[in-house]
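Next come two complexes built around chain A: one with chain B, the other with chain C.
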Partner chain A sequence: MQITIANIKNLIGDDFMYKKGSKKYKMNHPENSVGQAGTSPQTKNLTASLEENISLFKNIFKDDQTLVTREFQNKCVKEAKCCIVYISGMINTEVVNENIIQPVLRDNLSEDIDVKNLLEALMKKVIVSNNVKIETDINKMVSSIISGDTLFILEGYDKCLVIGSQGWEKRSIMEPESSKVVRGPREGFTESLMVNLSLIRRKIQNPDLKFKFREMGERTHTSTCICYVEGLAIEEVLTELEQRLNKIKIDGILDSGYIQELIKDAPYSPFETVGAFERPDVVASKLLEGRVALFVDGSPFVLTVPFLGVENFQASEDYYNNYIFANINRLIRGFTAVTSTTIPAIFLALVTYHQEMLPTPLLISISSSRQGVPFPTSLSLFIMLFIFDILREVGTRMPGPVGQAVNIVGTLVLGQAAVQAKLVSAPVIIVTALTGITTLINMNIIGSTIVFRTFYLLGASFLGIYGVLMCIIVMYLHMMSIRSFGIPYMMNSTRAKNHDGQDAWIRAPWWDMTLRPKIYSKDLTRQVSNKKNGKNK
Partner chain B sequence: MRKEQISDKEAIILIMMFIIGTTLIVGTGGNAKNDAWISGILATFSFIPLLLIFSRLLSLFPGKDLFDIFSMVFGKVPGKILSAIYIWYSFHLGGLVLRNFGEFVNVVAFPETPLFIPMLCLGIVCIAAVYLGIEVMSRTTAIFVPLIISIVFVVLILGIPQLRMDYIQPILGNGFTTILVGAFSTFSFPMAETVIFLCIFTSLQTKKSPKRVYIWGTFIAASMIIIITIRNIAVLGNLAGNFYFPSYVAASRIRVGNFIQGVEVTVSFVFILGVFVKCTVCLLAACKGIAKVFNLKDYRSIVVQTGLLMIYFSYTVYYTIIEMNYWINKIYPYYAFPMQVIIPVITWIIAEIKKSRQPLTNK
Partner chain C sequence: MKKFKRVVMSIIIFINLLFTAGCWNYRELDDLAIVAGAAIDKGADGQYTITTEIVEVDGSNDTKSTSKLVSMRGKTILDAIRNGISVTGKKLYWSHCKVAILSKEVAEEGVTTVLDIFIRDAEIRNVVNILYSQQDTAREILEGQQTTESIKSFALDKILKNETRLSKAPKTDLLDFSIELQTKGTSTVIPAVHLEDVKGSMIPRVAGAAIMKNDKMVGELGEEETKDLLFVRNEVKGGVLVRDKEVGLSAPISLEIFGNKTKVKPVVESGKLKFKVEIDATVGIDEIEGNENFIDDNAVKRLEASTSKETQKNVEELIKKIQSEYGTDIFKFGEKLREKDINKWKSVSDKWEEVFRNSEVDVDARVHVKNSALLYKTLKKGG
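Let's look at the complex of A and B:
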C-alpha cells in the first residue's frame, strides 16, 4: 500500500498539461503585460520637514479626498510635533483615536521618554498597537496607507511609523446561500481573506498547515494565499500551481473565478478542472486529502486543485450523515446528472425514430396528444428547454417582488395554456419539467449539463438513439481526456481499487476509509482501522 | 509527449469489446446452422495456441509493436513491406466494420437515410478517439462495460420464455464438415482478428500482462459469444444463419407482459460500442503503422486523413449488403488467413531463434 514519491512522479510526472507556447498562456507572457503596473513608483523620499512630508503625501494622493492628514503636538514635549496620515473608511477610528492620538497627546508624556530618539521611543513606549514598524521606503508607505494602515510622521525624521489600524465593514460569517446543509457546520467563507484563513486554521490546528501569500493583479493588488498541509500535498501540484499563478499578469482580480479560469487545464472544456467551494469544512476536508487551496481576498469562494469529476457529486453532508442515506443521496445526484442530459434526447429518439420500443398504449397516448400540434417534437423540445433556461435565469436575476409574475408566466402561460392552445404537446412539457428539475439538483455542473443536453438533442434529432449514443461516447472521450493538474479528471470513477473508489460513486462508511486517495496525497494513512472499535460497543 | 499506459483490466476490456463487438450482432458460424455453437467452441480452442503466440511475441519485445518487431526480426526493408501489409489489413478491417455498422443502421432503423451519414458520424467519433490516444479510449470503453454486460444479460434473461431448446437438436445433424467450416469462419472473423492488438499494445504494464490480457479477454468474449449463439439458435432455430443480424431479430421477439417489448434497440447499443472499439483499434493500428513506416514522430498528425479515407473506403468497398454478407462468410476467412496466422507464426519462430542465439553472440 505504500507509495513512494518516485511512483507518484511516474504516475503524474510529466502529465502536467502546461506548455510554453500554448494559446491559453499567451496573454500571460511578460511582453504582453497589461498596461503599466499599478501605482507609478515614487522617487521622492521623506525629508526631515513635517510640512514637506505632508505635502508630499497630499501630492501623491492628489484629487483623492479620502486622504486625511491630522497634525497634532504634545503640549509638554515640544519635539512631539507629528501628523498621522490615513484614508478614511479603511481604518478603525477607535484604534486611531485611542491608541495613537490619545497616548501621544497625554500630559505626562515627558516623564519617561527619550527625546533624542523620539520616534523609536514613541513606537516602543507610547503607541498602543500590535503592529507597528519603522518604514523608510515611500512606496511601501503608500501601499500600506492604501491597505488601511495609519502613517505616523514626526517632525525631524525622514522615516515614519506604519501602524496597523485596518478596519472596514465586513460581512459576518453566515451560512452560504449556494450550499445549505441540514446536518453539519453552518459557517461559510466571507469576503475577507484573513477571516477565511482563520476559519480554516480553526478546523485544522496543526503547524503543518502552511499559508503562502502572494499579490496578484497589476492594478488591484489583490492578496491571495496558497494553503496546503505539508506532508499530504504533492510538491508537483504545488509547484505547478505556483508556476501557473506566476504566469498570470492581469490588471485586476475581483473574484476567484478569474483565477479559476486562468489556470484551468482544459481551457475550452465546459467542465471545471479547478474546484470552488464556499464552506470551510469542505475546503478543510480537501486539504486533508492532500489538495492545495487558493484563497483570494474579496471572494467567498476558495479554489482547490486538483479537482476531479466525482467531486461534483460529493456534498459535505454525505460525510456527516449515516452512510446508507448519504449513498442514496449521492446516487440520486449521479443519476439525475445522467438523466438531466439524456431524458429529452431519449424521448425525442423514441417518439420520432424508435416507436417500436414504446408500449403500444403509451405510444397511442403520446401520439394522440400530439394531434393538432404544428411543430415537430424536436423543435418544440428545443424551444421549451430554452424557455426553461430563460425562466431559470430570470429566477436567479430578478428582484424578489416580481417573483410572482414569473411564476404565473412559467406555470400557467407556458405550461397549461400552451398545451391547451395546441402549441406544444403535453409529454413535451412533462419531459421539459423533468429535465429542468433534474438539472437544478446539480447546480455546480449546470453549464456542462446544458451544453451536453443540447448536444445530445441534436444527435437524437439526426440519428435517433444511435446519435445519442455517439454523442455520449464523445462526451466520455472528452471527460476522460482532460486532466486537472496532471491527474485524470475521471480518475476515481473507473478504478475501483479500494481506497480510490471508496469515495467516488458511493461513500464507504467512515470505519472503512482507512486510506486517502492514492494519487493526490503523499501520506496515505487516514486512520488506523477502527472497525473493531465500533463492533465492540 | 507523455507515455501512455493502460492497465491490464482496461486491455482485457478492449480485447473483449473488440471480439464481441460486431460478432454479437452479425452472428457467427452461420454455415454450421444449428451447430454454430459447437463451431464457436471449436474456434475458441483452436485460437488458444495462436493467442499464446501473439502474447509471446509481445512479451519477447516489451514496449515494441508489431511494426518494430518486423523490422527487428526481418530487417528494415522486408519489415516495412510486412508493415505495409498490416497497415492495409487494419485499414481494410476498420472500413469493413464501419460498413457493417452502416448497413445495420440502414437495414434496421433508417432505410431512407443515406448510408454515408451514420458511417461518417461514427467515423468522426472514432477519429476523435484515436486522436486522444489509447489510454483515453480504453478508459472510455471501461466506463461502458458495466452497461454492455448488463444489457447482454438482461436481454438474455428476458428472452428465456422464447427459448425452445429443441431447436438445438439434432446435434451434428449436418455432419462434421459444416461445423469445421463454421469453426474456421468463427476463428477468423472475431477471434484471430485480435492480431491487430499486436500493433497497439505497446503500453501494457508488465511483461506478463500480454498473456493474461489475451487469455482473459478471449475467454470472456468467447463465452459471451457462445451463449449468445445458443440463444439465437434456440430462438430462431435453423434460420439463425440466414439473418443478417440474428441477435437483433432474436431480441425483437422478446415480449414480457404488455410492457417490455422492442428491447432490440438496447442491443444496438452494444453494437455501436463494439463497432466504435473495433474501428478505433483498427484506425489506431493503421495510423501507428503509417507513422512507423514513414518515420513520423507522432501518429496524431495523420489520424484525420487516414480516418476520413477509411470512411470513404468503407462507403465504396461493397455495393450491397448481400455482397457484404457473401464476403464475410465466404472470402474473408481465406483472405485474412495469412495476416492472422501465417505471418505471425513465421515471425514468432524467427524471433524465438534469434532470441535464443542472442546470448551466445553477446558472449
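Let's look at the complex of A and C:
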C-alpha cells in the first residue's frame, strides 16, 4: 500500500500538477490591484502620559462614536491610574466589567503588588482573562480594538495590555437551508469563523489537522483560515492555494464567493472549480480525502480545493444511507443533470427537424396541439424557459407571504391559460416543466445548466439533433479541458481504474472503499479491508 | 505559429461540418400534411392517380383525428405527388406513410416502376406495407368505411401487424419487397385487400394474396391457400384450423395454432431435385361445437392424424397448382437450396423457373394437439 507521491506523478505523467515555466498552469485570473487601500499606518506611538494616549486613540478614531474610553483608579495604589479603550458592541460587557474593571478598581492591590513594574504585575496577578498580552505596536493595538479586544492603558507606560474580550451577537448553529438531509448531522456552518473551525475540529480530533490563519481584504481585514490534514493533503495544492491567495489584493471580502471566483482555474467557465459547502460533515470528509479547505470569516460557505466535476453529484447523505439507495439517488442526480440541459433541445429538434423519429400517434397528438399556435416552437420554448427562470428567481428572492401569488400566476396564468389561449402548445409547457424540475434537483450547478441548456437549444433550432450533438461535444471538450488546482476536472468520472471510480458515478459500499482517491491524497489507506467482518458471522 | 495553424484548421473543419450535413429544413408540425397512406391507380390515358389519405388534425381538445382523401394526377408518381401542393397548399409529409395500395392495373403492369420512388426517396420509410386492391381501383379501399381506427391506413397497418395471429394474408413491406425482388429465384406475394359488404357498409378486409412473378402480378390466392403458403414459408405464428365433416366429425371443431415450425430440405436424388417440406404445428382444441369426447387418447390421435393429412393434402395441392400454373417460386425453395448447396444452386439458378416447375415436393405435415383449454369434456345439458 506504499504509494508515494512520486509514483502518482509518474502514473499520470505530464498531467500532474504544475510544471515550472509551463504556460498551462499559469494563474490566469486577472491581477488585482487595489489603489491605496488599507488602514493608513499610524506613526505616533504611545507615550508615558495617559491623557496623551487617550487623546491619541480618540484622534485615530475621530468621528467614530462607538469608541469608548473609561478611566479609573485603584483606591489604594495611586499609581494604578488606568483607562480601558474598546468599541462598544464588539466586546462582551460582562468580561470587561467583572474581569478587568472590577479587580483593578476594587481590590486592595497594595499587598503584593510590585509598583515598579505595575503593568506586568497587573497582567499577571489582577486581570482575569485567558488572553492578555503586552503590546507596543500602535497599529496592532488599533486592529485589536477593531476586532473587539479591550486595551488597558496605564499611566506612566508607553505600552499597553491587549485583553481578549470579543463578544458579539452570532447566529446559532442551524441546519443549512441550501442542503438539507433526512439522514445525517443537522448542523451547518455559521458566519463566525471560530465557530466553524470548532465544528471541524470536533469532527476530526487529531493534531494533524492544521489551521493557518491569514488576513485578507485591504480594508475589511477579513480573517480566513486554510485548513488541511497533514499527511493527507498534497503540498503542491497547499502551496498553490497560498500563492493564489497571496495574489489577491482586493479591498474587501464579504463572502467566500469572492475568493472562490478569484482563485478559479478557468475564470470564464460556467463550471466551478472550487467547491463551496455549508455542512461541516461534508468539509470534514473532503479534508479526510486530502483536500484543502479555506474558511472565510463572515461566510457559512467553506471552500475546498481541488474540486472535481463529480462532486456536484455527491450528496452527504449518499455516504450515510444504504449504498444501493445512495446509488439510485446519485444516478437520478446524474440523469437529471443530463436531461435538464438536453430535453428542450431534443424536443425542439424532433418536432421541427426530425418528425420521422416520432412515433405516429405522438406526432399526431403534438401536431394537433400545435394547431393555431402563432409562435414557432423554438421561440415559444425560449420564452417559456425564460419565464420559468423568472419564476425561479422570484421564488428565491420574494418575501414569504407573497409566495401564493407567484404560485397562482406561475401555474394558472402562464401554464393553463397560455395553452387555452393558444399562445403556446401544451407539449412545450410539459417540456418546460420537466426541464425546470430537473434543473432544480442539481441546485449547485444551476448556472452552468441554464447556460448550456440555452446553448443546446440554439444548436437545435439551427441544426436539429446535429446541432445539439455538436454543442454537447463542445461542452464535453470544455469540461475535459479545465482543471482544478492542476487536477483535471473530469478526473474521477473518466477513470474507473483502481479505486478512483469508486466514488464517482457510483458510490461503492463502505467495506469496499479501502483506498482514498489517488489523485489528491498522499496517504491512500482509508481503512484496512474489513469486507469479511460481516460476512463470516 | 503552429498553434495558430491548428486553431484555424479546427475552425475550418467545424464550419465545414455545419454546411455538409443534412437536416437543414426547419418545419413546424402544423405546416405538414401527414400522409397516412396512398392508393395508386393508373388511368386509361397512362397517367397515374395517387390518392393520399391525409391526417386531419384539428386543434380542439378532442384527440380523435380524422382523415381526408386527396387525389392527384401526374405522368409519374413524383409528378403527381408534387401536383398535390396545388391542392393542399402544404407539402405532403411521407415519413409516417403506412400503406401503399396498388390497383390491379398497376400490379399487372409491374410494381417496380411505381415503387421505385417509394424505395429511393429518403423521406418515405421502408416499413410502408404494400397492398394489392382486389377492387376496381385502389382508391376505393381508402374510401371504405372506418371500423376501429378513424384513419383507414392506420387501421390497415394494424390489421397487417396482427395478421400473424390469423395467417390469412402475408405481410410485405417495402424492405421485404425490395429484398425478395432482388433475390434470384424467389418470388414475392403481396397481401390483398378488398371491400366487404357488412350490413350495407363497405369495410376494407385484408385476406388472400397476390402472386408476383418478378414484379408483375400473375394470380391471386384465396384465404386458405394463403394460409397453406404461409405454412410452407414458415410464417405461421397463429391462426385457426377449422376441421369439419371432411375428417369424420359430426360438427365442426376449431383448432388454434400455438406455433409452427416448417423445415424445407432440398435433397438431390440421382440428379433430380427434391424438396422435403416438414410442417410441425402445435394446436389446441379451442372450440367444440358437437359433443365428441376428445379426452380419449385415441380420439386425439385420430384428430391429429386426420388434421395432419388434411393440411398435407392442402399444401400439396397448392404447391402443385403454383408449379403448374405460375411457375413462380413463392415458397422460397430456391433460397433454401442456395443456403444448403451453393454449387447446385449455381448450376440451376439460370433456369430456375423450369427446375422449380419440375422439382418433386414431398410434404409431411404433423399436427400435435397440445390441450383442450379449460375444459376436458364437452358441455352437455344435464350431463
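Couple of notes before you dig in:
Operating definition for what follows: the second predicted complex is superposed on the first by the 507 of 537 C-alpha atoms of A that agree within 3 Å, B and C clash if a C-alpha of one lies under 4 Å from a C-alpha of the other, contacts with A are read in each partner's own complex, and residues count from 1 in each chain.
Definition applied: a residue touches a chain if its C-beta (ideal position, glycine included) is under 8 Å from a C-beta of that chain, and two chains touch if they have at least 3 such contacts.
This one's a predicted model, so the numbers in the text were calculated from it and none came from an experiment.
With the two structures aligned on chain A, chain B clashes with chain C. When the shared chain is aligned, chain B comes close enough to touch A:Met490, but chain C does not. Of the two partner chains placed by the overlay, only chain B lies in contact with A:Met480; chain C stays clear of it. In the superposition on chain A, A:Glu356 contacts both chain B and chain C. By the touch criterion defined above, A:Tyr466 reaches both chain B and chain C. In the superposition on chain A, A:Leu379 contacts neither chain B nor chain C. Legend: residue contacts after superposition of the two complexes on their common chain; A:Ile328 is shown touching neither chain B nor chain C. Looking at the shared chain after the overlay, A:Val413 reaches neither chain B nor chain C. Once the two complexes are laid over each other on the shared chain, residue contacts for A:Gln371 go to chain C alone; chain B is not touched. Once both structures are laid onto chain A, the chain B stretch out of 26-34, 260-268, 278-286 or 296-304 that overlaps chain C is 296-304.
Of the residues of chain A, those at positions 353-354, 356, 360, 463-466, 470 touch chain B in one of the two structures and chain C in the other.
Across the interface of their complex, chain B is touched by residues 13-15, 353-354, 356-361, 462-467, 469-470, 473-474, 476-477, 480-481, 488, 490, 493-495 of chain A.
In the complex of the two chains, the chain C residues touching chain A come out as 17-18, 21-30, 32, 34, 55, 57-59, 63, 65, 93, 95-96, 98, 123, 125, 154.
Against chain A, the residues of chain B that register as touching in their complex are 2, 7, 105, 109-110, 113, 117-118, 121-122, 125, 128-129, 132-133, 136-137, 139-140, 142-144, 252, 258-259, 261-263, 265, 268-269, 272-273, 276.
Here chain A touches chain C in the complex through residues 351-356, 360, 363-373, 376-378, 422, 461, 463-466, 470, going by the rule given at the top.
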